[in-house]
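Worksheet for the structure shown next.
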Amino acid sequence: MVIVMDGKVNEGHINNLSDKLKSMGFKLQMIKGEDKTVIGIIGDTRKLLSFPFYSYYGVVDVLKVSKPYKLTSREFRELSTIIRINEVTIGGQEAVLMAGPCAVENEEQIDIIARKVSAIGARVLRGGAFKPRTSPYSFQGLGERGLKMMSEAAKKYGLLVITEVMAIEQIDMIANYADIIQIGARNMQNFMLLKEIGKIKKPAMLKRGMSATIEEFLLSAEYILSGGNKEVILCERGIRTFENYTRNTLDLSAIPAIKELSHLPIIVDPSHATGRKELVGPMSKAAIAAGADGLIIEVHPNPEEALSDGAQSLELSDFERLISELEQVAQAVGRSMHLSYTSV
Amino acid sequence: MVIVMDGKVNEGHINNLSDKLKSMGFKLQMIKGEDKTVIGIIGDTRKLLSFPFYSYYGVVDVLKVSKPYKLTSREFRELSTIIRINEVTIGGQEAVLMAGPCAVENEEQIDIIARKVSAIGARVLRGGAFKPRTSPYSFQGLGERGLKMMSEAAKKYGLLVITEVMAIEQIDMIANYADIIQIGARNMQNFMLLKEIGKIKKPAMLKRGMSATIEEFLLSAEYILSGGNKEVILCERGIRTFENYTRNTLDLSAIPAIKELSHLPIIVDPSHATGRKELVGPMSKAAIAAGADGLIIEVHPNPEEALSDGAQSLELSDFERLISELEQVAQAVGRSMHLSYTSV
Amino acid sequence: MVIVMDGKVNEGHINNLSDKLKSMGFKLQMIKGEDKTVIGIIGDTRKLLSFPFYSYYGVVDVLKVSKPYKLTSREFRELSTIIRINEVTIGGQEAVLMAGPCAVENEEQIDIIARKVSAIGARVLRGGAFKPRTSPYSFQGLGERGLKMMSEAAKKYGLLVITEVMAIEQIDMIANYADIIQIGARNMQNFMLLKEIGKIKKPAMLKRGMSATIEEFLLSAEYILSGGNKEVILCERGIRTFENYTRNTLDLSAIPAIKELSHLPIIVDPSHATGRKELVGPMSKAAIAAGADGLIIEVHPNPEEALSDGAQSLELSDFERLISELEQVAQAVGRSMHLSYTSV
Amino acid sequence: MVIVMDGKVNEGHINNLSDKLKSMGFKLQMIKGEDKTVIGIIGDTRKLLSFPFYSYYGVVDVLKVSKPYKLTSREFRELSTIIRINEVTIGGQEAVLMAGPCAVENEEQIDIIARKVSAIGARVLRGGAFKPRTSPYSFQGLGERGLKMMSEAAKKYGLLVITEVMAIEQIDMIANYADIIQIGARNMQNFMLLKEIGKIKKPAMLKRGMSATIEEFLLSAEYILSGGNKEVILCERGIRTFENYTRNTLDLSAIPAIKELSHLPIIVDPSHATGRKELVGPMSKAAIAAGADGLIIEVHPNPEEALSDGAQSLELSDFERLISELEQVAQAVGRSMHLSYTSV
């Protein structure tokens, strides 16, 4: 950590701060420049993240030299984390496919989807039972009843289940049905929830908040890892910008950036990011080309009847067409895909 | 609600959609333009917020004509909501002052602050006992112990208490100590929490999410109002933009905008918005001039020792100086302030 | 165009507006909803882009139904525009490679680069002679001298030249040396410059402004097309967001979006978008996978000595490695690349 | 300037960079931390703004310690710049009012406006003769004919003239009619134009670009100052964010921020920032309360007939009402206003 002080302040002001830091056990080194004095702080500066530097007279800038997260960083763990659930590996050589409806609507819907996406090559069935809706007047999901339907359909067709948890008191119940627990973008900084997820033994997929920087995203992952749960999957789902043709702006540069900064796997959600089904195909291919470890895609047997987010759901036939193109992109960047039907 | 369809689609496609809408009880009117067909939907279109219009062949745009929120809107309630707690009114003629430390640190700290801010004219003591911190390694607050200290200090000096709730299971406990329950920016779309707050009888202050539009902000308020709790105070605290000199960009135009769109009172938090104590004064005056119903300001007797967010905390003497200037701005726009010492 | 009026205004106010519009030759159709009145305007509403609707009493919303641009739109020209310069085609089946240094520095530098990028398969040599620099104290480019060096090197190795024009009075001079004239992001809304570029007979590449929406981007292209110059290439180069790990956020979803909305070719600049050379490779592959018609990449024989933007320049050896991977991605999405050495 | 290097790189890599910097005349000091090495560079580091630090092996971060602008900074000139034009002072104790139509439309319009705004207390007549319009199909202004009308009306009623220059070749002509030359937001980084404005002897008002940081804004001002023209007025006019209720988000915190960082006067344009006339009043008061040196406001005698931007133009009677309230806010923060009619 590097503290920049105005070069015109006197010795006494510099001592005020440096004495305090020394008393906390840090070693200091000072550089006197032409109009600024720079203090380098040596030691575990993560303890200083909330230190009130700017309250000290003469401090004009505080520059972080080390990353504020630790367990999440590539420096802490050089090898990429691979998460194994049954026969599925996330973060390995295979680009994993998760697919399903925005919301579970009824047994028939989820059965049709599960059968089809499994046949196409998906590994994980996604689907919402508790829906975080912007408006209280929108469909809020089927609740536990939806989870049951989803879990049965997944088992029947050999899929894992991923679904979203929205509150601490749901964790146990959802862990009963899900193989991967999703924390939604709106809860990325629900720190109480993150702490509880850190205590369980179940892989968690953390979605990036709509206005979260990559650093904050990794700090939220750190909450889970520091609680003891090492199986965290990150998910890029678009950030909010001034562009309004797409619902959000999918930040694909976050993928290679996170691959450098962290050892955790990263999945991309092109459906929520774009909000437009015609963009899902191209952005899926782009995500895999950029190095994503997988995709989570919304599909619906009949989008006209979807109770939620039909605008971004692919029809099953479009999904199927996309997958065979995706595989070629995956191969071009040295990744494989699990396509059931390719044996044909 | 107005649906725009490509003018080249045939009658059948238009009927697909219009039959569906009619079967749901809506009346329709159609306008055939040169290259587009426009369908006006008449009825309570809030039910259609999650209707999958874009899944219908030929639909190119969906335009909202009515606001998606109802109870929150100025149309629903023309008179501004005034919230009365003991002798304090929020949303009335007086611009209310809330002040206190970022985090409660110990009995002495909170007592000094409460005494001083009460003497200056604040009505409400703010302070965090459970802190939503970006990093798991930052100070997380004193918990219930902090609430007790705060509540005692507030009583002693005739102040109300506002503090943040971070999870559903904390609501009852916090309601024991607080007069106003704060929902933080990071929880603005924690819909489960909003629903529970809607069920209690206690004023709530909802902070705008860092990337929330004004419409989403009002929809989150609608969650609380639609649960039965009518005493909602809004709080503008800055939105995230590319500008990085300030922590966030304080969106003061949201104040007159919200005054037009809604009947709820709105408070401004210049401390978190700017993240720089030297900007707190000018932005406080600007907020009052723009029509804010009050301010929530961080102060600290000794910011150099603050355990949290010292950079943005005003020293008590600076706070005192600010208040007398603030009062003049308030008077210039026809508002009063409760300044204890003005009796001198 | 659809105008929404408050349902409570009286007939007179509605007539005020509708009489005015009728007098301008438009046909109107009205829909009376429960609390709003909707007026559909039929005719060429592009004339109404600056009509002061909101000044009419009772108008609450103005909704565009038609796109504000015409010549640029896919509706105007269904076939994708292919630009032919000598033997190079941009917008066709081949994904075109443009490469070169940020700034031309000296004869030797540009000769080494031109030789190498030509050998690798680039079609176009990029390079700045007049540099738009944020700071007046940064290197501002070699001027016409740099153009000459670049033009000679390009001829020698069979490359086309692309370089940026910064002011109207430079157009003729630059057109002497360049095969494609680039309009930089900072000049995307320098409308006087756009109009002049519209009058010349030379392909132009228009970069998206840092805070331009896709619609504004296409409207700026419309300025050039409406002047008579039909050979416009678009270039996505990142938009400004709150994320600061990357210099800008590369908006790859703009590629399929623009492919839908417009017939113009679109190129991606991953170097300026990310500002980090280690992200250039993954984002180049992602861009091609998303459907880009080509790439413009900064390279340098010795980035440590670059006078401008070294941080984002690929070393020539890294560039070479990237290209062979890129070709595979291109093939996966049905595109070819012109790789000189593939004859080997 | 402080360079952060990975602590694991060997001596040779550190020497590579440090030898280069020493050869350029800089003094260096090094701090070896636990996992990073920090190099402090002492000297005039503005020369290093485009140095390719990241191309040196092991460099992980480059931290600016000094500001990249000089002449513009408060450190360079402690006293606030006051610009005097005839009897008007900008940047002094008086908060200056500039008002007028978006575009000059005809002699009658500009005469009515000039007479009225002068009577109310404005000092400067604003008005566009060359309009930078997003669409080529919008009204583009009357050109020099408009300038003449404006200049005559201004003289008749004792007002100064401010109008926008859009290209280098217009400068001389516009300088003939205008007392202050405006550089629009879209040209804030038209560096060729800035350089030419730097060579003339005429006050210039530089508007902040829609996506410009405060630092970039001040660097653009530096272009003008470093050319020799010291009379630069800054103008905050809103930045682009995800919020779309307002056209842009007026960043009022930029006012006290710029007052700290720079000695130049700063004016606020609430009309373009908000795009909604009902927000102009509250934001004008807020701007003055935040410390702005003046306002530039769009007015129109009959907004329903405005050829440009009617939605944000105040009617003259509304403008008059606003001004008397504004004066009270100005007084509350120790500023005066020149209100002609106050003599009554």
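Letters A, B, C and D name the chains as they come in the text, with residue numbers starting at 1 for each one.
Simple rule for what comes next: a contact is a pair of C-beta atoms (placed from the backbone, for glycine too) under 8 Å apart; a residue touches a chain by one contact, two chains touch by 3 or more.
None of the values given here were measured: they were computed from a predicted structure.
Student: Half is the threshold here, strictly exceeded: which of A-C, B-C or A-B has more than half of its contact pairs identical to A-D by residue number?
Tutor: Of the listed pairs A-C, B-C or A-B, the one copying the A-D interface is B-C.
Student: Can you name the chain that lies farthest from chain A, using the mean of each chain's Cα atoms as its centre?
Tutor: Max centre-to-centre separation from chain A belongs to D.
Student: Let me have the rounded angstrom distance from the C-alpha centre of chain B over to the C-alpha centre of chain C, please.
Tutor: 39
Student: Distance-wise, how many Å sit between the C-alpha centres of chain B and chain D, to the nearest whole number?
Tutor: Centre-to-centre distance between chain B and chain D: 31 Å.
Student: How many angstrom lie between the centres of chain C and chain D, each centre taken as the mean Cα position?
Tutor: So the centre of chain C lies 27 Å away from the centre of chain D.
Student: At least two other chains touched by the same residue of chain B: list those residues.
Tutor: 211, 240-242, 244, 276
Student: Which of the residues in chain B end up touching chain D in this complex?
Tutor: 211, 213-215, 239, 241-246, 249-257, 260, 273-274, 276, 278-279, 281-283, 285-291, 325, 328-329, 331-333
Student: What residues on chain D touch chain C, complex-wise?
Tutor: 16, 20, 46-47, 49-56, 68-69, 130, 132-139, 166-169, 186-187, 189-193, 195, 209-211, 216, 219-220, 222-223, 226, 240, 276-277, 300, 303-313
Student: What residues of chain B sit close enough to touch chain C in their complex?
Tutor: Residues in contact with chain C: 2, 4, 29, 31-36, 38, 40, 42-44, 61, 63, 65-66, 75, 240-242, 244.
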